[in-house]
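The structure is given below, and queries will be raised subsequently.
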Amino acid sequence: MISLNELGRKLGLTVHGNPDHVVSNLAPIESAGASDLAFVVGRKYLSTLKNSKAGAVIVPEDMLDEASGNLLVSANPYASYAKASWLLQLPRVAPAGIHSTALVHPEAKVAKTASVGPFCVIGPGAILEDSVVVGSHCTVGAFSSIGEGSQLFPGVRVYHNVKMGRQCRVQSGAVLGSEGFGYAWADDSWNQIQQTGGLLISDAVHVGANTTIDCGAIEPTVIEEGVILDNQIQIAHNVHIGRNTAIAGCVGIAGSTRIGSHCQIGGACNIVGHLVICDQVIINAASLVTRSINERGRYGSGMPLQKEKSWRRSYVNLGKLEKLFKRVRQLERQDSADDRNTDQSTNKTSAS
Amino acid sequence: MISLNELGRKLGLTVHGNPDHVVSNLAPIESAGASDLAFVVGRKYLSTLKNSKAGAVIVPEDMLDEASGNLLVSANPYASYAKASWLLQLPRVAPAGIHSTALVHPEAKVAKTASVGPFCVIGPGAILEDSVVVGSHCTVGAFSSIGEGSQLFPGVRVYHNVKMGRQCRVQSGAVLGSEGFGYAWADDSWNQIQQTGGLLISDAVHVGANTTIDCGAIEPTVIEEGVILDNQIQIAHNVHIGRNTAIAGCVGIAGSTRIGSHCQIGGACNIVGHLVICDQVIINAASLVTRSINERGRYGSGMPLQKEKSWRRSYVNLGKLEKLFKRVRQLERQDSADDRNTDQSTNKTSAS
Amino acid sequence: MISLNELGRKLGLTVHGNPDHVVSNLAPIESAGASDLAFVVGRKYLSTLKNSKAGAVIVPEDMLDEASGNLLVSANPYASYAKASWLLQLPRVAPAGIHSTALVHPEAKVAKTASVGPFCVIGPGAILEDSVVVGSHCTVGAFSSIGEGSQLFPGVRVYHNVKMGRQCRVQSGAVLGSEGFGYAWADDSWNQIQQTGGLLISDAVHVGANTTIDCGAIEPTVIEEGVILDNQIQIAHNVHIGRNTAIAGCVGIAGSTRIGSHCQIGGACNIVGHLVICDQVIINAASLVTRSINERGRYGSGMPLQKEKSWRRSYVNLGKLEKLFKRVRQLERQDSADDRNTDQSTNKTSAS
């Protein structure tokens, strides 16, 4: 429950209408009621806004004149709504302290304001800084550290030698610092290379559920500040992901690839190893990246769905292209031969 | 161990042969012995059936005349076999009661017939109904509920505010209700939107190992009755999956997409966000869905494997198509020009 | 810390330079210092080698003449480096014994030299052989066995009836023996087939983080000796993977498919069910396998990335191929008709 006055002050937004009106929930603009806060991002939602029963709406400046009721004016309504979501509803956080069932190694350092949930195992030399929240059933391996205010949801596996910055957020089932897939073939078997490079995760990195990030072989895998990773992503050893890059679910990134900052990688993309991708690259869903990218922009290679019969013809036709090229080349040759003939015949005719 | 008589009665099948014969295991028709129950789905297995040493075989009606031995006649032998699999071998289920190491919040409600395994953590306001089985190391978050007879295998993570119906079955490592991937870009950083919409899972939903289903942003993510989800699937926030839809492994479904009932989504498909897919759509493996589908039927866009050299030519040729279209257009122009020339020359010639 | 003399002896390599020089870490050839061991695989790294400050370098024989400093000569420097990685840095291993918080069923057999971590649950009839290491929070189900020297990292789920060989290595979050995705459609619902076939994993198999391997329906799923599996792989019921096959991350293999030995499957490949793939097949990343392969070699079907506009033209052009083929056919017909006309006219002209 928060008054529009207080909300506006905390979000830095001007309030129009009744500043004492109180909202207690977020809701979509279409279904919001008197106690709900909603938002619209632009003028195409104007009629929706006019019909809304929301207790208050965050609107962009250019919609102010035509809207009525309780309004908060924002240069970026979606971002204001994101910030409001944390003010209206306080997230559930465990109390500080180490649960009686948690096993914290005597050589680990746990800040007094940190919370360690039931059945956690915190290894020797591990460090949990102030206000860290570790959910139930987590492991934090030897000499790993979790920076101030970071939160691990239940069942996160942090291997040894993982350094995590501040204000990170890791969903359940994520595995951080698992052994990279490094093998040398010899003596009719795969000889594993011990992976000792560790993992560096900077501040404000979010990691989705069941996402895996391998430690590096000799040098560390690196995730820079502000990177957001969705669920079920696989990041191999010695990958380096630049600042504020966003990666959607089910993406796989193979070893030693370096991704720039402010990139956006669509869901289910696969990026092969040892590539360099520059800053501000946007890759559409389900693309395969086999070469380095040195120019910002939007890329893709995902094939859009078709009816099965039509798609089957398409890929069969693709296989016939080699011959089609030859046929067209043949036609072109013929054509220029015909031209000569025709010209000749025309000439002759003219001459006749 | 069950007699054919009892088996027939329980499955509603007519028994031919010796009703007192006892079978104790399922086996493939080829290798089944005297104490095994096998099945065949159609006449193409007729010779296999005739050579089988199975103690009993579930057969379709149209094979009855040509088969001998102990037979159970079914309109759907595969389904009868599915049902028989639970009669012949009783699945291993933990005894009712809360294990002494499990932590059940005083404000949680656990039915007396429910089983809570070792090292579980059940949150405040959580409800476990009758005959629920929660394997070891599971978490059930605050105000989540698990309906009658549902089973969580070891290490399942149920976040808060997840409502699960009856007779559901969730394999190990699944994460239900994790935070949706919702962020607004502002102030040179990703601003997370708190995800408070929860997750609704109806009755008889099966969830595979390491599958993840995010909670909704404001309104819930919804999985309707009878949906079956294989392993390693990612379902984003506010996705809605209709009744009895089956989804194979490694599929990713992006946010707010609505999938109809009785659909079948092949393995490794990727479905982008905010789409609507109607009922009874079948999508082949490894397809990318970028548009809504409003007509039932079979769809695909997965490119079948080729020898590397041949495939390389194919995709290089694909890149040359733009020029090929121009070349063909040029030939067509030339051709009609030639026609005119030829006609002219012919005319002239004729006239000459 | 190890002297080059000892290192050479243990790896079977000849030492050139100072055999008493001691190295303590692995490092890349470019950044290695006096206490580091590096390696080079071939002559293209010759100038890098000459400029290196590494304490010692593993080199192939054909680089020996041109290199100086401390050298270990190897027929396969990368493999020697792999082996050295385990000599220079001892991996962290838990002490033998059962942790006081672990729950071992009275009917389980745990070797005295095995290590069972905190909060583990070991079921009835389970067997942990000598030198097995089970990390914290693992479950080993009823009648499953883990062979000598195998290691499970924290949070691995082993269902019942899983037989694992010796010297296996399983990363966190892996799920072994989960229920296969087997259902029969009947009575307007999916009828699950109980999966009782179990899972057989041979010796020296490595399983990556959050990889899932389902148990078989009636007969077991089989992973042969020396198979290495990266993270986030999904292996369905009754799949059979042959000896020493290597599979990269995010691959999905559908039910009953049989993969040969010494294959290499690139990341994010999807292989549909009931196929047979012969030995020594190499499949490039992000390919879709829809047919059996009976010839060794290299295959692919992943579409490489393009700029979005260019890619859009490509797939639109692909859809227009059907018509293009007709247009070219038409041109060819026209052309041969023109030929006749031209010939005619030419003849006539000639005759005129």
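Chains: A, B and C, in written order; residue numbering restarts at 1 for each.
Just so it is clear, a residue touches a chain if its C-beta (ideal position, glycine included) is under 8 Å from a C-beta of that chain, and two chains touch if they have at least 3 such contacts.
Since this is a predicted model, take the numbers as computed values, not measurements.
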**Complete:** Note: chains that touch subunit A and subunit B both are C
**Prompt:** Same residues or different residues: which describes how subunit A and subunit C meet, taking over half shared numbers as same?
**Reply:** different
**Between subunit A and subunit C, centroid-to-centroid distance (C-alpha), Å** = 25
**Complete:** Two or more other chains are touched by the subunit C residues 119, 137, 155, 173, 210, 232, 250, 268, 302-304, 306, 318, 321, 324, 328, 331, 335, 338, 342, 345, 349, 352
**Asked** How about subunit C: which of its residues touch subunit A in the complex?
**Response** 26-28, 76, 78-79, 81-83, 85-86, 89, 91-92, 101, 117-119, 135-137, 153-155, 169, 171-173, 204, 206, 208-210, 226, 228, 230-232, 244, 246, 248-250, 266-268, 285-286, 302-308, 311-312, 315, 318-319, 321-322, 324-325, 328, 331-332, 335, 338-339, 342, 345-346, 349-350, 352
**Message:** For a test of understanding, state which residues of subunit B touch subunit A in their complex under the given definition.
**Reply:** 103, 119, 121, 137, 139, 142, 155, 157, 159-160, 173, 175, 178-179, 181-194, 196, 210, 212, 214, 218-219, 232, 234, 236, 250, 252, 254, 268, 270, 272, 283-284, 287-291, 293, 297-304, 306, 310, 313-314, 317-318, 320-321, 324, 327-328, 331, 334-335, 338, 341-342, 344-345, 348-349, 352
